[in-house]
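Each of the next two complexes has chain A plus one more chain, namely chain B in the first and chain C in the second.
Showing the complex of A and B:
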């Protein structure tokens, strides 16, 4: 237990603080008592923006849930009722749907920022893990959320994705029926997806607490990737980063609002404005854009066996599922795959190029994911899939040999040198 | 070496983009200038009213707009009296009454436009297996919906050599696959507009698209107007925050 304060400060805040030190807690967490590296650039805005996204999704989702009906005969109509008859229902729903996309944009940038500046490295491995768990939970939440309007893509997306589990040897079929609560995607599936879609955001909030807790243990990484050594290397979070984050919020909300008010459906698929029909399969079943790289990996995997024979150890469907989950699981091992002592890509000339190739390859995978898996797209998909995993293999062997550039002595020295140049 | 791989990656991407440019089995729609396009887009109420007339006299034979209520028509400039009179011309099913029986009554402004067919099977039975979709959301339910619909409605033509049409099918290059069951719905002079506009196929088509665009997104004008205010507010907020940031950070630079 912390030592209780000896005396009570005057005023209401003092009265509360004496009994529940919530103000000092906030000040230590996000305020003037939280020392932060003085050199964080705008790429460091995306953590707090992601937090805002989560809160907005929970709030808009809460109000949507008051009007939504999770039943196969009424779900689509209830969504249209929200759009047409509920006061500002269109605003709630568009903010929620666009908000999901924006959340993923922000989190992808946040993850790539971590990759570039080596934020996953010792001693922030657990911080990295919690982030990846949040990402996985987000994927599950968004997938189930997309099913709720019960349009054509909702239904067929749910059918395709839940069917992935049928590739599990022996028990696959039973697992799928268990997930569905029946013998096809139907009302029990919609009901449980709604329940879980409501639950998971609060699980995410819980993991976010651990994410921030782990962050505060060693503080933020920084663009130089070197440790904070003296108090001169830091500045208080408030007011310096609160105000800097507010600039980021402003820019973020301008982009967000542009989509919500002027192009709310451009990130979705038109087929989802057609009510779900189990008898009519859409020409192309495509997931939301933020799953496309993983969808590409799923479909690019070939049968795994002995070449030029009929011997197959792992069928392509199971291989695809393993590849898809593996592409995220491998990120959990990244702190040990990347064996370089230097964090920031600024001082790692080879890793810097590898990083940008990796980014380009992920975008390529996303593009492939939107195309049918045939002809040139299948070939490209397999090349991109190989490049994805090859990145980590090369990184493992090359990271210990890489000739890195000399690191600055300290954050404050580097910053002061830079301002002297101006 | 790594530069090389970057080069390979970028050329792969451009290769992929080139491949995507190959058209599917569907002609890309004509790009039109619509009053509802863009950040300042509005509903052309005259066009939407004419479009409603086209819908009512032509499309409604097979297609419902079951998510639109009669009362909503005041949003495109019909008066309440007109809406009331219009609604009364429809028969809607209501009930059960005190005797436990369903009954037919004249429509009220709060009623939705009724379905054309009792159910999907009835619709398919009438149309040789094809289903005329409800049009309430059709503009949002198709890629580039407004342009697509207009191109489709005006895009019928003789099939190119080698394309075989089954009985009751029509050729339209804008439709996926090229052959559809809907006969060319519009012909010049088919409706007589009250405002004297000449009812060419092109005119009727663009009018009905204006109506269906409104039916799909009745909130569109309110949304865009609010959006402009929100963007102005956010631009000022961001500018203020940027100045505040510069000032506060000056202390440590």
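Showing the complex of A and C:
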């Protein structure tokens, strides 16, 4: 038992607080009792925006689920019914579909912010891990959600992605039949994908709790990447950052609304308005845009063996799968791959260049993922794939050698100096 | 158990008691029990009896012209049945085995004396798309090959992988000739 309070404060809040200290809990978590570095810039908005995205997806998804039917003969029609007949059904569905894309934009920016400012470094390794787990869960959730409308892209996307598991040696085929609940993507598959799509967001909420818990243990990183030393380095989260976050929410919702109301289908694929047909594969299967860099890696992997012989250790299909998952798994090791003592790229001139090359390369991979895997795109894909992993190799060896710029003495000193310049 | 033996065992492992043993064995047993209880849940996701029951289909071959390929649905996936032309067969048999990624003689992919009938599961062995019939660079004079639009795998007139990321030739399902013009797949 923690120390129970000796006396009850007056009023209803006091009455509740005496029995369940929820108000002080909130105040300590997101309120005036949570000290936050005073120099956070707008890149730090994206964590709370991601939280808003998650809440929006759960809310719109819950109401969509009241009208959706997870059966192969009815799923497509039930989605069209939502679009045409259900009151505001079009709004719920477009907000949910666009919301998924927006969630990924926000989370990608959030991840790259962490990469730039070294937020994954000691003592925030577990915080970084929980974030990556959330990202993996988001990918699984979004993939299964995209299957539910049961259009051509739904069906063939599901077929291609579940077939990835057939590359597992020996048990691959059994695993795939187990995932499908049959010998092809069919009604049992659609049913379980619906169930899991409904469940995973709540699992994500659970991991978000751990993410925030771990965040609060050492507090937010900051653009200077140096530790908070004195109370002068901090300001209370409320009202300073609650207000700053609200500015971000406003900008975010303007962009979000523009897509929902003016261009709701531009982030999707027109082929998904053709009902699923297991006998005809569309000429060009493309995943949703947020998977494209990983799809490019999947397809760019060659056979791995001894060159100019027929000896192959890992054929390209399995190599592609290993490469694709490896591109995320390697991020789990990043806190130990990057051995620099300095967190923020502001003080790491070479890492700063490497970071932007890495970002550009990820965008290039995304572009290649949308193109057919032949000719120049295959060659470019292999170059970009090599660059992706080379980044981490170079980082491992160079991070201890890099000549970093001098760090400021403290956050408050740096902030006051900056305002003196203006 | 006598007092003496208890003393000697505790002298060997001063921290180990009979209670520890009970705790460990009880916890292990509970662990094994909990793990075993997972099986019904896992197995419930495997193909159900009704799915397994739909596992054979008969095909009438008489309407299929030479040079024509039909698609039959079997266990939810298409099966290609191609009536091969002499040019298809010749093309398939003149290939040097060393050129093949997954070496298989054409003779072993059809039934004896039924060389004109090529029956294959129409699912690309890469990631499960359905290849297009009569496309790709390995179809010979009568365009008897297949090409998968998803990731560019090309198959020859025997359904063997010739180009692209697919690891294996197109799979041959189990099938039997009920008569000259009728087969049963599965």
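Note that in this section the second predicted complex is superposed on the first by the 421 of 422 C-alpha atoms of A that agree within 3 Å, B and C clash if a C-alpha of one lies under 4 Å from a C-alpha of the other, contacts with A are read in each partner's own complex, and residues count from 1 in each chain.
We adopt the following convention: contacts are C-beta pairs under 8 Å (C-beta built on N, C-alpha and C of every residue); 3 or more make two chains touch, one makes a residue touch a chain.
Keep in mind it's a predicted model, so treat the numbers as computed, not measured.
J.: Sharing chain A, do chain B and chain C clash or fit in the superposition?
T.: Overlaying the two complexes on chain A (C-alpha atoms) leaves chain C and chain B fitting together cleanly.
J.: Between chain B and chain C, whom does A:156 touch in the aligned arrangement: first, second, both, or neither?
T.: second
J.: Quick check for you: in the superposed arrangement, does A:313 touch first (chain B), second (chain C), both or neither?
T.: neither
J.: State whether A:240 touches chain B only (first), chain C only (second), both chains, or neither.
T.: first
J.: Considering only the touch criterion stated at the top, classify A:387 as touching first (chain B), second (chain C), both, or neither.
T.: First partner only, chain B.
J.: Touch check for A:25: first (chain B), second (chain C), both, or neither?
T.: Neither: A:25 stays clear of chain B and chain C.
J.: Looking at the overlay, does A:164 come into contact with chain B only (first), chain C only (second), both, or neither?
T.: second
J.: Looking at chain A, does chain C or chain B touch more of its residues?
T.: Between chain B and chain C, the winner on chain A residue contacts is B.
J.: After the superposition on A, what does A:283 contact: first (chain B), second (chain C), both or neither?
T.: both
J.: Which of the two partners, first being chain B and second being chain C, lies in contact with A:192: first, second, both, or neither?
T.: Only chain C is touched by A:192; chain B is not.
J.: So if I take every C-alpha atom in chain B and every one in chain C after superposing, what is the smallest distance between them in Å?
T.: 12
J.: Pick out the shared contact residues on chain A: the ones touching chain B in one complex and chain C in the other.
T.: Dual-contact residues (chain A): 283.
J.: Under the touch definition given earlier, write down the residues of chain B that touch chain A in their complex.
T.: 2-3, 5-6, 9-10, 12-13, 15-17, 19-20, 39, 67, 72, 133, 136-137, 140-143, 145, 176, 216, 218-219, 223-224, 226-228, 230-231, 234-235, 237-238, 241-242, 244-245, 248-249, 252-253
J.: Of all residues in chain C, which touch chain A in the complex?
T.: Checking each residue of chain C against chain A gives 42, 45-48, 51, 71, 73, 75-78, 126-130, 132, 148-152, 165-167.
J.: In their complex, what parts of chain A are in touch with chain B?
T.: 38, 80, 83-84, 90-91, 94, 235, 239-240, 243-244, 246-247, 249-251, 253-254, 257-258, 260-262, 264-265, 270-271, 273-274, 283, 350, 353-354, 356-357, 360-361, 363-364, 367-368, 371, 376-377, 380, 383-384, 387, 419
J.: Hey, which residues of chain A end up touching chain C in the complex?
T.: Those in contact with chain C are residues 156, 159-160, 162-164, 166, 177-186, 188, 192, 278-285, 299, 315-317, 320, 372-374.
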